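Each of the next two complexes has chain A plus one other chain: chain B in the first, chain C in the second.
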Partner chain A sequence: MNIEQLKEQIIDALNLEDLTPNDIDNDAPLFGEGLGLDSIDALELIVLMEKYYGIKLQNPAEGKQIFKSVNTMAAYIDEHRTK
Partner chain B sequence: MSLEHDNWKGTTGGMPWMQRTLICWLSVVDQRVIYAIMSVVILFYMLFGHAGYITMYHFYRRCRKESWYRAFGHVYMNHYRFGQVVIDRFAAFGGKKYQFVFDEACRNEYLALGKKEEGFVQLSCHMGNYELAGYSMRQERKKMYPLVFMGETETMMLNRQKMFRENGIEMVPVASDMSHVFVLNNALREGHIASMPGDRVFGSTKSLPCAFMGGTADLPVGPFQMAVTRDLPVVPVFVMKENWNTYRVFSYILMPDNDLPKPLRMQRLAQQFADLMSAMVDRYPTQWFNYFDFVRY
Partner chain C sequence: MISIIADNILSPLGETTEANVQAVREGRTALREHRLPGVPESFVASLFEPSIGFEEGLIRSIRGALASAKEKGVEIDMTSKEVIVIISSTKGNVADFECIGASAQHVASHFGNPNRPIVVSNACISGLSAQILAMRLLRTKAYRYAVVAGMDVQGKFIVSGFQSFKALSPEPCRPFDGDRCGLNLGEAAACMILTNEEHRTQGEWCLLDGAMRNDANHISNPSRVGEGCYRAIQQLGHPTDTWSCISAHGTATLFNDEMEACAIDRAGLSQVPTYSLKGCYGHTMGAAGILETIIALHAAQEGWIPATKGFAESGTTHEIHVTREEEPCPKGDVLKLLSGFGGCNAAVGYRRLSENTEVSWPQEPKVSGIADLEMRYTLRLTPADMPDGMTAFYKEHVGNYPKFYKMDPLCKLGFLATELLLTEEKEAEGELTPEAETTRQDTRAVVLFSKHGSMADDHAYEETIRDAEAYFPSPAVFVYTLSNIVTGEIAIRHQYKSETACYILEEKDWPKMKEIIVTTFQDSGVKSVLGGWVDYNNDHDFDADLALFELITT
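And then the complex of A and B:
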């Protein structure tokens, strides 16, 4: 999994034009503190996973764990990607 | 989590036992009797419930440029109408059936949309009695997933659940773990309907400022982003009270403009929705039920 590419996709999906991949800490929380994302952004991340990696997230209970940080997202993608 | 307003929580008033009693009464008493009692009670409500009264008075004065006496009359009628729509909801819980009149073109377009594979985002707002129509409207091939707040009493939620279930409607509670986003996204991916308020910012601090009645109103990003991200239509539905047992239903289909960049596509849809709300206020000035400073000047 190319972490830098994933960060670029996140920046693009969420319109975080002021940020570069270097500004995003791999282990920093995506929601709340850290990147400060909220539920509106969760939708973009869900669609990002579907669009680029063919992962259709169905289970709401998994979300919190998957979107904890860039690293947890990347780990989930590695394990479940279909493209 | 939610951007609650100091003066207005947007939930139905009364203790659960009062609501249960009202439902029992309305199953045997004509709701017009309750309307008549309410027409007197409202005067006291206006006298002691200043917050909603003053906000609405300013709405009529500033947004609709009405004279003070006309604005005052409209505030009374607004409270009366609001009482009526709440009573109608309880009457529906008690088994009362209402008539819904559709514009034929609107209805055909709405039903045609329901036959397509793709889902859509249906928008409600705090005008008229959208929820009541939810008990009667249904799409043959699609389930509806309305986003709801869990601030209502148990009586309201249980009755809502019961009536919604009869119409193939699955309530989606707003949750702090964002599970509602997953459920709504799944619903849209499977070609169903995600229904949510288009006039209330919640679960996010982000909003889309739109021109509205001479000022600016902040509309929520969520519904418009959901539609644009999945490239789906937005369908505002207004259910407006015409007389004691009849409501008129208006539905519109708004498509994201794919020639625009994504943020502008959302903004355009939000503005179109704001324009439709504004037109509906012009037509039904006393059925605007956002009891907080909705418009900034």
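And then the complex of A and C:
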């Protein structure tokens, strides 16, 4: 899993224009205090996982665990990716 | 007093109001599983079969309401300047990317109406917003009749968007129930004819008052404490014991029903029988406020309160009285609620005219004319002001609001113009005390007009669903395909919790905009309006022309 590439995909998908991959701490929370992302961002991350990694997440509630940080997201993608 | 003289519902359950009222009473529904070409997943919805186009549906429903008026002995001459047509829709004919204003004009012209129709595009509260606008315009006596008609057509565009939001229930929806898991979409057209004529007949329903309030919280999630919904109910200033029933929004999404139950409880109405019609019709969007009002009033008139189809066990933190079965309807007033994306909420109260009404009628609000309107500050932004584009302009003039980057061009334009306008106000008037700031936030409405509305973002969203091989509907793009989100973004940024409204006009027409803006002050809670034109066609063709309005005080 290329973490830098994932960060770039996140920045692009969520329009985090003021940020670079270096600004995102791999273990910092993505939601709440971290990057200040919201529920629409969470849905957009679900689209990102399907688009680039072929992962279909039916239950958005699962996102809460998966999107805790860049590292947890990368681990989930490693385990479930189909492309 | 503004009364309702005739109505019509055209839905998969019937072509007349009577047929629809009967169908609801029998607990019928047209909700079933559907598939659409180009949409991989099936969905449950209530759709016209065969399909009915946007303009055709509106025309048929208006025709039905006119016929119903005629049966009651009221012949309405649609070719008269005294009749205004108000169309309620969120997406109009989006399948063909037609401006809703143009569709509305076709409908008005079909009936030979000489006035430019007004389109209310206020997300899911549009049907109540349209009634509130009609009520206010009729109070000014500028018109004698308002024909208020609403419709939305469910196609690939809307279905895929709600799917991307994970908002659709895979089965018939269950409003307020513990097992609810989302909404169903629905199609319908509905029409109400309102008048300020004093030919009141017993049994006729009148609009007591209506209010719209914004959560100023999030563009798609409702306030967890139902702030805007609660404030809209409170603004009606109505004694809690005179409501006979509440026709709720009750979409059956987790968040809507939770917030609505909270708002109803906070308003002291937890004992009032409350129901949702979404289990019969699904969410008919632009038609919902009109259709659900018509059913509510006819049922109340016949002495019954509809069951909430799909509801079994309460699933909201705040306990309210949701109807499981049909209940007898006591004498009293009817409250209709709606909430929508962009943080908007609406509440409208209705009372039936009868000879022995014991409760007193509320005082009619003060009605001001355009001459009473004071334009305090103005701000105009066109492409000439931003040679390097909106992002560069934002970085130079604002720069501290990263959400800006997430917005569609319409919201960016409205946001930037508002920032500059408010800077102008602040420079002239100085900083407010915290108390004065809170008062301003509670009393400043945002009323915007546009021609293209969200059209640019509509095209951007279409790009995400066009290709079957690369079909990735984007929720972040879809949410901005509602034209009123720009009012929500401004409300959130400045914590404006008063009315927010979005209207579509065929062209920038200041007299018409002022005519509507001044009616906003009929809401006694509105003390100033941030209003005007915000239109984005493309990077070379956009125009924001905003002003701050107050009433001249003598």
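In the analysis below, the second predicted complex is superposed on the first by the 81 of 83 C-alpha atoms of A that agree within 3 Å, B and C clash if a C-alpha of one lies under 4 Å from a C-alpha of the other, contacts with A are read in each partner's own complex, and residues count from 1 in each chain.
Note that in this section a residue touches a chain if its C-beta (ideal position, glycine included) is under 8 Å from a C-beta of that chain, and two chains touch if they have at least 3 such contacts.
Not measured: the values here are computed from a predicted model.
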| item | value |
| --- | --- |
| First (chain B), second (chain C), both or neither touched by A:56 | first |
| Which of chain B and chain C A:39 touches, first, second, both or neither | both |
| Touched partner set for A:64, first chain B, second chain C, both or neither | first |
| Which of chain B and chain C A:15 touches, first, second, both or neither | both |
| Residues of chain A contacting chain B in one complex and chain C in the other | 15, 38-40, 43-44, 46-47, 50, 60 |
| Footprint of chain A on chain B - complex, ascending | 175, 177-183, 185-186, 189, 203-206, 221-222, 225-226, 229-230, 262-263 |
| In the complex, chain A residues that touch chain C | 13-18, 36, 38-41, 43-44, 46-47, 50-51, 60 |
| Residue ranges of chain A in contact with chain B within the complex | 15, 31, 38-40, 42-44, 46-47, 50, 56-61, 63-64 |
| Residue numbers on chain C that touch chain A, as the complex places them | 164-166, 218-221, 391, 402, 405-406, 470, 472-476, 479 |
